[in-house]
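Letters A, B, C and D mark the chains as written, and numbering starts fresh at 1 in each.
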Amino acid sequence: MAFLKHIWNRWQNLLHDEKLKHKIYVIIFESDTPMGKLFDVALIGFIVLSILVVVAESIKSWDAVIGPYLRVSEYVFTFFFTLEYVLRLYCSPKPRKYALSFFGIVDLLATLPLYIGWLFGTARYLLVIRTFRLIRVFRIFKLFNYLNEGNFLLRSLVFSSRKIIVFFLFVLILVTSIGTLMYMIEGQRPGTSFNNIPNSIYWAIVTMTTVGYGDITPETPLGRFLSAIVMLLGYTIIAVPTGIVSASMIQEHRRRVALKCPHCGKDGHEDGAAYCKYCGGKLVN
Amino acid sequence: MAFLKHIWNRWQNLLHDEKLKHKIYVIIFESDTPMGKLFDVALIGFIVLSILVVVAESIKSWDAVIGPYLRVSEYVFTFFFTLEYVLRLYCSPKPRKYALSFFGIVDLLATLPLYIGWLFGTARYLLVIRTFRLIRVFRIFKLFNYLNEGNFLLRSLVFSSRKIIVFFLFVLILVTSIGTLMYMIEGQRPGTSFNNIPNSIYWAIVTMTTVGYGDITPETPLGRFLSAIVMLLGYTIIAVPTGIVSASMIQEHRRRVALKCPHCGKDGHEDGAAYCKYCGGKLVN
Amino acid sequence: MAFLKHIWNRWQNLLHDEKLKHKIYVIIFESDTPMGKLFDVALIGFIVLSILVVVAESIKSWDAVIGPYLRVSEYVFTFFFTLEYVLRLYCSPKPRKYALSFFGIVDLLATLPLYIGWLFGTARYLLVIRTFRLIRVFRIFKLFNYLNEGNFLLRSLVFSSRKIIVFFLFVLILVTSIGTLMYMIEGQRPGTSFNNIPNSIYWAIVTMTTVGYGDITPETPLGRFLSAIVMLLGYTIIAVPTGIVSASMIQEHRRRVALKCPHCGKDGHEDGAAYCKYCGGKLVN
Amino acid sequence: MAFLKHIWNRWQNLLHDEKLKHKIYVIIFESDTPMGKLFDVALIGFIVLSILVVVAESIKSWDAVIGPYLRVSEYVFTFFFTLEYVLRLYCSPKPRKYALSFFGIVDLLATLPLYIGWLFGTARYLLVIRTFRLIRVFRIFKLFNYLNEGNFLLRSLVFSSRKIIVFFLFVLILVTSIGTLMYMIEGQRPGTSFNNIPNSIYWAIVTMTTVGYGDITPETPLGRFLSAIVMLLGYTIIAVPTGIVSASMIQEHRRRVALKCPHCGKDGHEDGAAYCKYCGGKLVN
């Protein structure tokens, strides 16, 4: 009994050992110390490897040969990622906030596929489980976090997001109209691929975005005439998002140069600078 | 007789009841009051639903099962849209101006397909009627009206419209020349898809806009050489509309920032602001 | 004899009748008078019609029915264009300069196809002649001349032409290398479309420009991997001409605004203005 | 013996004849003298010719007829390029630096294919050797060196390289996720081309970059819906590299105009100027 109490106390101490928490926090969440850097690089390596395992499993000829090894490494990765998730929860000063953040949810999802396989896991469900495990791929999104420059691109896109949404709505209206029109023109021909409006809208999107698979193509003169107009339209419309993003990038660029240091109040820092060049303080974007 | 006269008077009163008209006007045409907002959201929902019905009817396997329900809902939508159109005419201060405006015509066209079906409607004409009803899809254009930000994109495009028209004319000349040249090169080969100039022009547009379906492709060495040149040309030419739109967006952006408030005369408002930040007055774009 | 001399004198008078020459010059070369405008519109109409005739002749089913009418109208157009060319030579103050200018050569070429048909014209050569007549299509380039705004686009492209040429050279080197690499990877597979280096280079251009016909596609894993890299490369490289043209358009725009009136010396004219807003004098671009 | 010593001395003199070295250096490395210009033009001609020989050899029908001539010219080109490489090493003031520079390595690689053929050369290895010789194509990269304007494009790309790398990483994450998702949706259908994740990722790249071969296309409604979203996404994302490059080009342009002459210290030179317009000194970019 005293022994159990002893363990309980050790456990409680561990749970509230702020010094240890901070140590682990520095290693896991930050990357300024050598240990923190090593952990981040190892984590990225593990993420990439676990994705490669999923990819390799999907190739039938490989899976026939090295399938068992892939399955075992899958267990190892899941164990490691689960441990990492628990440690992040443990050492985070605000565990709830982390758990509900974007990367908190992604980290959790990255560990789930195998466990779901155990819960619902008879032999014939294995295939479904495997596809669930593919969600793991989203863990690669973490990679993005490690790069400083990505912020610029994200802010530029966020800044122009409202304009882009309106643009997309307009494009949706356009492709719906064009798809319907094309269905009216080509839909009555026997054996046509424009056999219903959703397929015609799919064709309109394939054409407007200049992807042009060629799996659905007009064959009547009128249909070809209309699709030529759609292409020339798409040619101009493709210029709109480019214009939006270019303009907001130039603006974001100016904002960065005009950024005031929160420590010494001076501006004029280089684009992409992380520290003030006058006082060395960290800049807040 | 007195009863009929009574009804006539009530009708006359209704027709000139400016207070009621204004009440309905606020609900239908504006969206600042809770009722007006509710009406707008319901209308958008109805428009989307009526389009989904048209789309669903075009899918043969769905139409076989739920066809009758789709037909009934079609009657409901047409009744609602007709009522809405009559009310808009009734409460509008300038009914003629509304009827001749872009949305007045679209609103009218949205109600017509079913009625046209009744006029010319024997069984074998039903198919034609159904395609006519597809015009209803254009009602979705109304959606665009409800969005504030769309103005910016429209003005940018209108501002650069003249340059874009000249550009399109130039592209038309180019694709006509290239299409004819390609017909001269590939048109004599038996079984070729370049069997006449319109098809060759269609190919030139498909290539220049980088859509590239692949339904018509060159097969002679000379034809491939020419089409490689056309692609590299299109690669550069695609930069022209982008440049035009980008330039006019930067300009429209500056114009917005320099916009003077019509109430207090101050400028420097944020891009996309709807109200003056100094006096709270509504800004006129 | 006196009669012939009389005709000769009349002819000589006509040839040196500067007043008549100027009258015709104003009609044919300028478009400020009502007659000049009418002539230009009629000429454009004739050019478009003559091109439509060539296009119609290429459609076999049409040619079988209205072929003779097309042939006759061909004679009419050739007569009209020959007359127009002779009149232009006659009334031009510097006939030699006109004859050697771009449009002088195009005007001459527009009249030639039928005459070449007469010179070399036995029945079996008719087909060749018809393709020669297709050169007529180039006459449509004249259309471009009539538009004021086109100047802006042309200047922007000319300004950035040197950069674009270097860019194209770089692209040529790239597609040659990539095409050869792809031939090494996919060329040994039996039945492949990468059967020689020119075809592989054609594939590289089709891919880099994002046209993507799909007539030649990689099928080995390594080939698909390489082509994925080529696509992502092309994705970035497509940004280069866009950037070049955008930058030179912004510059050309600034130049236009800063344009000095040659009459009163003031600047600040709107983009695209043809006349000075201070003194009304014509601006020289 | 005295004779051999005499040759040895002559050889030593030659190896240290700085005057001769400089003469050759001016011809081979520089292009300011008439001889230097002639050498450069001849070299470019030889490079293009040697590439054309490789291309011609890959066309089977040509190789059957003029194959022996192509093989002989191959010997001539290899001899010339070897001589050129040795001379460059000989006359270069820092031979080691040249040998390790980009063009030093390219020059060496350009001479190797034939020699490798001699070393490992029995009849049945000939085919492999021929593909090795294709490396020669990379010599064409030298062409790029001769153009002044290319610097601008390169600097613009280098300046924006960090942002482009982040963008590419983001695109890689996106196509991996989308490819996996698509494999989950379409991968179970019999006879599908989405038969493993690498192929699905290849499809995602083909679609996102708007290349759209059409060799792998979705066929289920859900698959088509997802790919429509991917296309619209790619439509916006293609705007990002364009925005990055445009912004850095405008910046590089400003930097060039603000460039200070190293001789007289004045700025304001035209974009692309190689010499100071005030003192005539060479500008350093």
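Following the convention adopted for this analysis, a residue touches a chain if its C-beta (ideal position, glycine included) is under 8 Å from a C-beta of that chain, and two chains touch if they have at least 3 such contacts.
In UniProt terms, the chains line up like this: A, B, C, D = Ion transport domain-containing protein.
What you see is a predicted model, and the numbers here were worked out from it, not measured in a lab.
Here chain A and chain D face each other with different sets of residues for the most part; under half of the interface numbers are shared between them. Among the remaining chains, D is positioned farthest from chain B, on the basis of C-alpha centroids. Chain copies chain B and chain C are related through a rotation whose angle, from the C-alpha fit, is 90° to the nearest 5. Each chain gets a centre from the mean of its Cα atoms; for chain A and chain D, those two points are 33 Å apart. Centres computed as Cα averages put chain B at a distance of 47 Å from chain D. Shown for chain A are the residues that touch two or more other chains, namely 198, 210-214, 238, 242, 244, 246, 250. Residue ranges of chain A in contact with chain D, taken from their complex: 51, 54-55, 58-60, 131, 134, 137-138, 140-141, 143-144, 147, 149-150, 152-153, 156-157, 164, 168, 171, 198-199, 201-202, 205-206, 209-215, 238, 241-242, 244-246, 248-250, 253, 272. Contact residues on chain B toward chain C in their complex (touch as defined above): 162-163, 165-167, 169-170, 173, 176-177, 180-181, 183-184, 187, 195-198, 207, 210-214, 217, 221, 224-225, 227-228, 231-232, 234-236, 238-240, 242-244, 246-247, 250. Here chain C touches chain A in the complex through residues 210-214, 242, 246, going by the rule given at the top.
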